[in-house]
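Across the two complexes that follow, subunit A remains constant while its partner is subunit B and subsequently subunit C.
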Partner chain A sequence: MLTLRQECRIAIRIAGIRLRGQIAYPASFWMQIFSSFVIHAAEILALLAMFNRFNDMGEWTLGEVAFLHGISMTAFSIGDTIAVGLDSVPSQIREGEFDRVLIRPLSSWIQTLVSEVSLRHLGQCAQGVVILGFALSWTDIQWTLQKALFMPVIIATGVALFIALFTLVAILSFWTVNSIEVVNAFTYGGSDLAQFPLHIFDRWMRNLFLFVIPGGFTAYYPALYILGKDDPLGMTDTFRFLGPLVTAGFCLVVAWGWNQGIRHYRSTGS
Partner chain B sequence: MDGPMIEARNLEKRFTVRRHREGAFGAMRSLVDRGGNEVSAVKDVSFSINRGEMVGYIGPNGAGKSTTIKMLTGILVPSSGEATVAGFTPRESRKQLAQQIGVVFGQRTQLWWDLALADSLELLRHMYRVPEKRFRENLNRARELLVLDDFMHTPVRQLSLGQRMRGDLAAALLHDPKILYLDEPTIGLDIVAKARIREFLAALNRETHVTVLLTTHDLADIEQLCRRIIVIDRGQVVYDGELGALRNRFGGKRHVILDFDQDPGDAISTLAGNNLEIVDHNGPRVRVAFDRETTSTPRVLALASHHGTVRDVSIEEPAIEDVIRQMYEGPDSQHP
Partner chain C sequence: MRIYFELALRAFRQLFAYQAAMLAGIFTNSVFGVMLSAVYLALFDSHSDGTSVEGFSARETVTYVWIGQALIAPVMIWGWWEIIKTIRTGAIVTDMLKPLSFFGFWLSRDLGRAVGHLLLRGVPTLIIGALFYDLVYPGTPGRWIAFLVSIPFAVIVSFCFRFMMNLWGFWVLDHRGIAGIATVIVGVASGHLLPIAWYPDALRDVFNMLPFRAIVMLPVEIWLGQAGIVEGLGLQVFWILVMTAAAHWLQSVAERKVVVQGG
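Presenting the complex of A and B:
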């Protein structure tokens, strides 16, 4: 039996072999990354335009909102890069291509991740890092060692949550082969939501984003901690550090769902 | 390992056929709607296959061949019944089992469309953790016997069907599987390519004693490769035994072609009636059909020699197609 570490190492090898082919055309490779960078520049322009009219957003300054944008966008784009293969699960199931995943001695989920490899979302990641850089220069964060160490944890938690959300969407296709656009609300919608301060939203939306899809725990609350802000929602300070725990729980539920999906897989005729 | 390599005990697979619903909300509704008709693709299948056997698994379209194989590989979870393959229960130990089996689906490749065959094989080497030395040996054997060298560096999507199938076979054998499942391995191939694949499989089975379960519509595959066949119809095993015994049981007449040195004339028709039948009479060549239970070839020759000198004799076994057709249509069958 392979350990998870061995499986991951094999997956990275596989991704490497698949990338080798893409880098054989460096121009197109860099073009993809560059265009993703440019497309997502529009988001920061929209944010600047908004702050040009209003001085603050729910009493958050431009720098503070940009900080939230930066960490969410970075986490989302890394998650999207890792999970890009999950996008093809519906078509793999529809065309019976998923069969071959199940006859190989590797976790079906890990195989799915590397069934497609693309680095184009790294353009968005670069954009996220740029925004984060601006945010850090526009805000006056009181850095401590703990805060500095918590930064990578925030990003990693966000990455894990987004991968879990992409997985959740893929799981649904084990039950219905029709594409369900609605479920993209969970992923792309989740990413958009995570870029704005949670307290500006309605109560139901806040609850959804904390207790159903725990995006609030991976972006908003950790940001409160780093930025040293009070919680206008009046939750306990523990919330600021709950992200990793809540995300781990969410991932467990999604992993269970994936296994149920595999059990339910019907293949196709022939 | 003791015991059979593949064992199926009362395997059943039911599918729920649901109504298709239109639109986004239709998709959402089909997620929660549990209604629909249940159909059994496989009703009750039991058999046992020993190490080194090469078994043909045949039946009409929709009989449940592929569904059975998918349950034996761990792709599908049986609705009821149990399978043991290479000592593993497929649904519980899918990954361990995967290490022991090789699978070739004729209809779809196990390779990566966008990668060269060589890259695909390298990927599989990592996936199955095949030691470098073993990988080289297996790759060299495959390259030699399946003649892969011409297209090792061609992307799989550009390969011809025959090339792709050879690549798929090489891929399925890289990790020295104990069991090879072949689902329509010669579908769509020309005669030369078919012959090449069959020769390879026969040699492989002889040398490595790999256990092979083969489904096919091309009964020549079966005739040339398998001594034993399992026939499935409507999700149930209707025959399990030797190919020869099937021929005997479900008749199918043996044909003897007699070449006389000259046309024996109309007198030859008197042959008929001795449990013989003249199928064709064209100059010196006469084709005779008889039931092998009641008549033998020497007796036919003895009878024929009264009508002239027989220069040459050839015997044709009943085509397996005819035998199986007869089996489905025969009096024992439940077919209408």
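Presenting the complex of A and C:
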């Protein structure tokens, strides 16, 4: 058995090799980053245009909604960059490739993660950082040391949650074999949902996004803390700091699910 | 003409083989419909009931959201790259050798597909929206008919643009970069992302002069009664003429450039 440190070292080496392979075509590489930047610029354009015609969204100002957009886009894009290899699990299973993953002496999950490395989502990440910068200048946040220290924690929990979500989607394919479009509603839908203040959604959607997929704990509640806003839903103030704990719990469940998926896996090869 | 009808019919029937994908698509479009409805309704929160913003009341905006979600599959908002695949594999050569119009070959198949997507994805999505939200409906039978006519028109304009984007494959082999940018252009300028009337005035004026509004905004405006039936459909016909001419011109340039891959 390999120690965790050894596994990580191997994973980083594989990732490095894949990365070099990707940069071997610089024109295509930059074009993809550029197009990811442009695509997400459109989201920002839509947000600005909305506030050009309206004054507030559920009593939140442009700066406050932009802050949510910034943290969610940054976290989602980093998560997507790390987890992009998980996208290929359905096709690996279908083509019988997954058998090979299982016979190698390295964690199947880590192998899947590094089976593809793509930096194209860094265009979105750049967009997230830019919009976060604007949000900070548009809002009047009363910064304290605690708040400043909590910012990287927010991004990190967001990244962890999105990786867990992508993993969850991959787990489903152990049962369905085919890739299913439904899951887009959870990953991309989740990232879109996290960009807007939670209280504007219907109760069932809010509960789903808090207690099933804990996206509300990684974006909305931490944002309430940083922005110093009251919670229109009237939850306890503790909710604002529960993100890391809830996400850790969610990740544990997903990790258990991954192992169940591996156990359930029957090769499809002919 | 018969051959084109048969091609369309086959593309139409093909869709019925993928029932799980259809259900998944309806589910995804509906989830986004619910989400976007909440976002737009929150914008109208601080306005008194019935206030209209650049021609859209809250109810009309929600209607716009659901028509937009229903149109995603028929007009292929997220792009379509079938021709570029045949350029990469070289299969395009046999398609071009067929004794029928290359443009007509793909257009008829796309129209067949669009009818299938409209019935299997568009209509169910719109019904779900109608069940959960208080939508606005076309006032007269004439408007219902005009709306139904405007959809194939929208598909043709969208097809011409997709066709031309695919022909880029004659010049570049990796379409992903172009794909991203083309998707953004259509998403923003068609009115899919946000009603065109809500963009800052300068942008709105630019988008109103582009063909993309014929893809989403015009069907919505016809449904809501914001555009006159004759003006709305007339503008779509105008863009169909311009775009098909452009597509034919680009095809003739591209044909001179054919480099067969593989083989």
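To be clear about the criterion, the second predicted complex is superposed on the first by the 267 of 270 C-alpha atoms of A that agree within 3 Å, B and C clash if a C-alpha of one lies under 4 Å from a C-alpha of the other, contacts with A are read in each partner's own complex, and residues count from 1 in each chain.
Keep in mind that, in the parts below, a contact is a pair of C-beta atoms (placed from the backbone, for glycine too) under 8 Å apart; a residue touches a chain by one contact, two chains touch by 3 or more.
As the structure is a prediction and not an experimental result, all values here were calculated from the model.
Residue contacts after overlaying the shared chain place A:175 against subunit B, while subunit C stays out of touching range. After overlaying the two complexes on the shared chain, residue contacts for A:96 are found with subunit B alone; subunit C is out of touch. In the superposed model, A:141 lies in contact with neither subunit B nor subunit C.
When both complexes are overlaid on chain A, the residue A:251 reaches neither subunit B nor subunit C.
Of the two partner chains placed by superposition, only subunit B is touched by A:106; subunit C is not. After overlaying the two complexes on the shared chain, residue contacts for A:19 are found with neither subunit B nor subunit C. Of the two partner chains placed around the shared chain by superposition, subunit B is the only one that A:267 touches, whereas subunit C remains out of contact. Common to the subunit B and subunit C interfaces on subunit A are residues 178, 180-182. Across the interface of their complex, subunit A is touched by residues 20-21, 23-25, 27-28, 31-32, 34-35, 38-39, 41-46, 53-54, 174, 176-181, 183-184, 187-188, 193-194, 198-200, 203 of subunit C.
By the touch criterion stated above, subunit B contacts subunit A in their complex at residues 15, 21, 24, 26-28, 30-31, 62, 66-67, 70, 73-77, 91, 94-96, 98-99, 101, 103, 105, 107-108, 110, 112, 114-115, 119, 122-123, 126-129. On the subunit A side of its complex with subunit B, the touching residues are 1-2, 10, 13-14, 17-18, 20-21, 96-97, 99-100, 102-107, 172, 175-176, 178-182, 263, 265-267, 269-270. Taken in their complex, subunit A has these residues touching subunit C: 25, 28, 31-32, 34-36, 38-39, 41-43, 45-46, 49-50, 52-59, 178, 180-182, 184-185, 189, 192-193, 196-197, 200-202, 205.
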